[in-house]
Amino acid sequence: MAGSTFGTLFRVTTAGESHGPGNVCIVDGCPPGMELSAEDLIPDLQRRKPGQSRIVSPRKEDDTPEILSGVFEGRTTGTPIAILIRNEDQRSQDYGDIKDKYRPGHADYTFDAKFGLRDYRGGGRSSARETTVRVAAAAIAKKLLRLTHGIEVVGYVDQVGELRATGIKPEEVTLEQVEANPVRCPDADMAAKMEELITDVRKRQDSIGGASTIVATNVPAGWGEPVFDKLKADLGKAMFSLPAVMGVEYGQGFGVATARGTEHCDTFVPDADKAPPIGTDTNRHGGMLGGISSGLPIVLRCAVKPTSSIPQDRPTVDRNGKPTTIATRGRHDPCLLPRFVPMGEAMMALVLADHMLRQRAIHTADQSG
Amino acid sequence: MAGSTFGTLFRVTTAGESHGPGNVCIVDGCPPGMELSAEDLIPDLQRRKPGQSRIVSPRKEDDTPEILSGVFEGRTTGTPIAILIRNEDQRSQDYGDIKDKYRPGHADYTFDAKFGLRDYRGGGRSSARETTVRVAAAAIAKKLLRLTHGIEVVGYVDQVGELRATGIKPEEVTLEQVEANPVRCPDADMAAKMEELITDVRKRQDSIGGASTIVATNVPAGWGEPVFDKLKADLGKAMFSLPAVMGVEYGQGFGVATARGTEHCDTFVPDADKAPPIGTDTNRHGGMLGGISSGLPIVLRCAVKPTSSIPQDRPTVDRNGKPTTIATRGRHDPCLLPRFVPMGEAMMALVLADHMLRQRAIHTADQSG
Amino acid sequence: MAGSTFGTLFRVTTAGESHGPGNVCIVDGCPPGMELSAEDLIPDLQRRKPGQSRIVSPRKEDDTPEILSGVFEGRTTGTPIAILIRNEDQRSQDYGDIKDKYRPGHADYTFDAKFGLRDYRGGGRSSARETTVRVAAAAIAKKLLRLTHGIEVVGYVDQVGELRATGIKPEEVTLEQVEANPVRCPDADMAAKMEELITDVRKRQDSIGGASTIVATNVPAGWGEPVFDKLKADLGKAMFSLPAVMGVEYGQGFGVATARGTEHCDTFVPDADKAPPIGTDTNRHGGMLGGISSGLPIVLRCAVKPTSSIPQDRPTVDRNGKPTTIATRGRHDPCLLPRFVPMGEAMMALVLADHMLRQRAIHTADQSG
Amino acid sequence: MAGSTFGTLFRVTTAGESHGPGNVCIVDGCPPGMELSAEDLIPDLQRRKPGQSRIVSPRKEDDTPEILSGVFEGRTTGTPIAILIRNEDQRSQDYGDIKDKYRPGHADYTFDAKFGLRDYRGGGRSSARETTVRVAAAAIAKKLLRLTHGIEVVGYVDQVGELRATGIKPEEVTLEQVEANPVRCPDADMAAKMEELITDVRKRQDSIGGASTIVATNVPAGWGEPVFDKLKADLGKAMFSLPAVMGVEYGQGFGVATARGTEHCDTFVPDADKAPPIGTDTNRHGGMLGGISSGLPIVLRCAVKPTSSIPQDRPTVDRNGKPTTIATRGRHDPCLLPRFVPMGEAMMALVLADHMLRQRAIHTADQSG
């Protein structure tokens, strides 16, 4: 229980189900004095929501956020910021079938095993609908990171099924490139092929997996706490807390399994652009060494499974373990990746904002006596 | 700061450096009445320590644990259990060179960037020496899991460089199979090849990466907390908190990126051996759905980078950013994987013990009125 | 920062200001299956709100709670319960004067010192308005405690100024007795005198302090965690987190300072009504020994200062430290005590619900092997 | 469970029993670069230990602390500092009688009720012996507070039984005055009377209660977090986490119950010595308004009960609830107050160090854009 709070100093608590009255988050710990309005939350909510293009779910969600507290005369006050996003397009009738049957790949069964009952409308609490307020909370974190350190957090799709875009340089990708196509793959040629593949999969009443890379640039060296709260540990938790993420890797990632030390380790070199003036010539380490940021871009990659909601009849069991079949006929994404991008960015931004504040508490010499 | 505590109810706090007086952990939250003595901690400490075979570091560490509290007349009392493991084989002179130079791939630079100074003997706090007390703490967790639920946590090496053992069935691997060879790969033929490869790499004064799978069997359905403290999220954090881990994946892992929904989703089937009598026919989901345990074995896999300590001269910079060279001539593992196994098991056991207690707090119907 | 969350397993996070859009709480960790509706929250909200009688503030607050999540088909689901209470009667014009002047006894100055700016409408975040959602959250805790253990949490006023009701037996006070008069003092004669005194103080444009006792009956022996999370420690934090509380004492309280050990210590006696069949003959210890519940009623008493809002001109300084005068002409309680009672009960209930769940995690013998 | 950790950023975890091998604490979050050695911990440990004078317990405890980690070349490194204090004078035979009988006023019964078993040697985990490592940890906090802000935390005894020293000005008391007599009452005449009273009580084989005031000077305005982590809330928890504390009050304390608002509220006045140049003319508020420090001295007072260990036969029950008698013949303090002083100071220092770091994370304008 009590697993709906994330972060130590920049702390987000969420509540809400897919088909209840709405989703709420409380962002506690945002420093005071930062300009903020509901407008700041809209762009990422727009990127996250369904119905943006023909390759994502045609559901309509308005996702209009209301800031209920913590902002006064256009600035944050340092007190908790509550954000409410009401659920509007709730066609509960779409979901009646899943009351007693367990959808393959979904959390229906495990929620019942855990709680003994569940809100079976949509995925209830296990629905990705819950991530709306994470994205809203993270818009605040992103703004804070940008204003204080010029940090940009940008994600993109680099794989859909067998199609993998291998030539992208993570640290050079811009939001504009990502938003230039509905797949959110900055390689335009590959994006076109991916879109075609997703369309094909949807026609076959199937779904498809993929991968997304999330990058943060301008993170100073020194963030992250040994030994359990390493930046890579907290980012790992953050990413795996998102629905459908089955793998996370940093820098060279699983490629290290076949690497020799002499080829993996990046070489420290002078870098006048940094303070201290030290960098590495390459970034196979993904921007963290010993779990602490190195000043190089933070680069991680998430494997995202194919949507479990598929409009074909499939075998399953009911609550009593009796065999039956089920098809999920709602309006669902054939590929989660395009809408995953803002969610992945959100979780990275929340972790970075938290560690920024944690590092602030330490980064001063005045106790040296 | 304050990143040395892990867990909510079964909570471990560690302290210690590689070349200071010793490492300590405090295990808070172990239920009372469980038989426990220092003997229980020895086997996994033996598995973790260097000097076990010719393919791991020849350093000698005695790793004799002393239980300082929390056990009375051979049983846990419910109060915190402190464990002290003194450092004995501290050849500090091996490490003098790294005071002012940054070793590639190590945390020397990032610790300096974070703290402004560092204990430069060995890796100090960033050394894997710190994991001794995690392994000791986890021996308690393992015992608790075994006694209460028959849970077994077993890890093994399935990849060293290009050599990957693909035929192993994770849920069938036994501790005996793992311990049958120094590589800790239960596929004996592959283990022999891996050993040869590691020996070759060491001769070339290089190091090599690999991967390890960690499995927990008999975990009941229902453990893990939506939405941030999902079991997969806490396990992800746990694994990434270990040194050198660059990737973590569950079940089908990164393979989901190329999968279709119809092929990825495991099918729910009746399973009379379980309570409730429900299972899945396959385990591509890795034992968790919606981040909550499904009753199937928990299966995860970690990518571990090649040891950064290599006894060759390599270019780097000093504290002032001035180019220089460094070789790490200490006694180091050419391949971290064999000794990673007990560390990976340890972190999984700590997470499971914590979530077992968290689930105990909820799993009762007496509030239903 | 991040100080708006309370509790480990039964965890409440709040947000909201007195004159913003509303106050919100998220109750995370309530076990599933408990009947719950917004109706359950109303009675205590009614007791807390202003305008109930002529001795409390005539402000009107409707305090209609909306449950936004965590309840499905009339039962809790185990997922977080968000509650929204909108602010309705916001006469901001009443407060314009305090933008630049510091009201004596209020948090205006310390909020400015902390945050550099503040929401100066009403007390903003420091207003007791914030406690509405604590009271709503605690109504859930109270119901849980009642259903699972028959625990009742009841508070009452035992002192207003010089008037102290000394003959009340804490463990025998009922909610009905407390609600029988507007002062919430179960001694009817004393209540009448207290009401007269408060009326007199109000006419003099002054305010007056007092004290309130909060009692929990039927708490089983064994709740509370050594050494920092003792029940008395967590209750102490809980009470001191309420506005205006300047002192907290348990059982004999400050009376222990003049006591001898032979007279203070309660004697253990057989008590067939308890399990185990052990009690004490008296309850000077206030229901906790070593900070852990003893099975006797939990009894604590809070000293509450006189309202700082007084409609007389008083000297103060402005933001620049320049002397000036201020009068607080809003609609304020001349004595906080009557409305403090449900707030004190609320905080006790939140602590007990949390420790009930914490004890559930430990109270089983199945690890004894 | 898991109640042995205290603090958010400056975090202390303790373990240990009175008659086990020793007590340990891990101080996580101390900033790097501060000079520190075991010598720094000795003075307060000396003040806490028994055997200092004829009015405290004649037990001998050597209390030699060993720093096991977190300090390198005489300075803190920012990594956790583990401190071990071994138990030496363990006359377990003194305590055999309490295995099956419950000592009145002690935690024997409640520990059994909680855990089902207990370390019955001495008080085990409930013994005040556990506070040794809190005092050691707090010596680090005190040094940090002194070096960074010139903060001094000083406590003293102001009441023993009926003898109350009422003329002491809390903010003017010095450590030297406190240490000038064995009672630790800075009023020398009163101290002599108190000593006489304690001696008399001891001769009568009884014990006596009292009260202690703890003061922190030079705490800047702005520390403490609304709404649950108010400075007064965290200090309240801290004090009540100490054994034998039955009441805590700030500033005017329980005196507010009889006060009128016009007389209680301190008046804001210009104060050129402060930044911002604002203070109050008096300090009835105890240095906190809205739970946030005001720049005035933090002043709190604790009521401490008489020692429960009394060498007279007293009625009680055994584990089965059967009536019997018990006398506690060990070497115990007839009055806890003199040795309480360093414990109270310790807990205040730990809270202040934590909130200092929390405020550092917020107190900057660079997010104002």
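We just call them A, B, C and D in the order they show up, numbering each chain from 1.
We adopt the following convention: a residue touches a chain if its C-beta (ideal position, glycine included) is under 8 Å from a C-beta of that chain, and two chains touch if they have at least 3 such contacts.
Computed from a prediction, not measured in an experiment: that's the story for all the values here.
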Third chains touching both chain B and chain A: C, D
Contact-richer chain pair (by C-beta pairs counted) among C-D and B-C: C-D
Cα-centroid distance, chain A relative to chain C, in whole angstrom: 38
Averaged-CA centre spacing for the pair chain C and chain B, given as whole angstrom: 45
Rounded Å distance between chain C and chain D, as computed from the means of their C-alpha atoms: 25
Residues of chain C touching at least two other chains: 1-5, 8-9, 14, 31-33, 75, 78-79, 114-116, 125, 226, 357-358, 361-362, 365
Residues on chain D engaged by chain C in the complex (per definition of touch): 1-6, 8, 14, 102, 104-107, 109-111, 113-116, 123, 125-126, 130, 159, 161-162, 164, 201, 206-211, 220-230, 232-241, 243, 245-262, 264-271, 276-278, 280, 285-286, 288-295, 303-310, 312, 314-317, 321-323, 358-359, 361-363, 365
Of all residues in chain D, those that touch chain A in their complex: 8-9, 31-35, 75-76, 78-79, 144, 147-148, 226, 357-358, 360-362, 364-369
Footprint of chain B on chain D - complex, ascending: 1-5, 7-11, 13-17, 20-24, 26, 28-33, 66-70, 72, 75, 77-82, 84, 114-119, 121, 124-125, 357
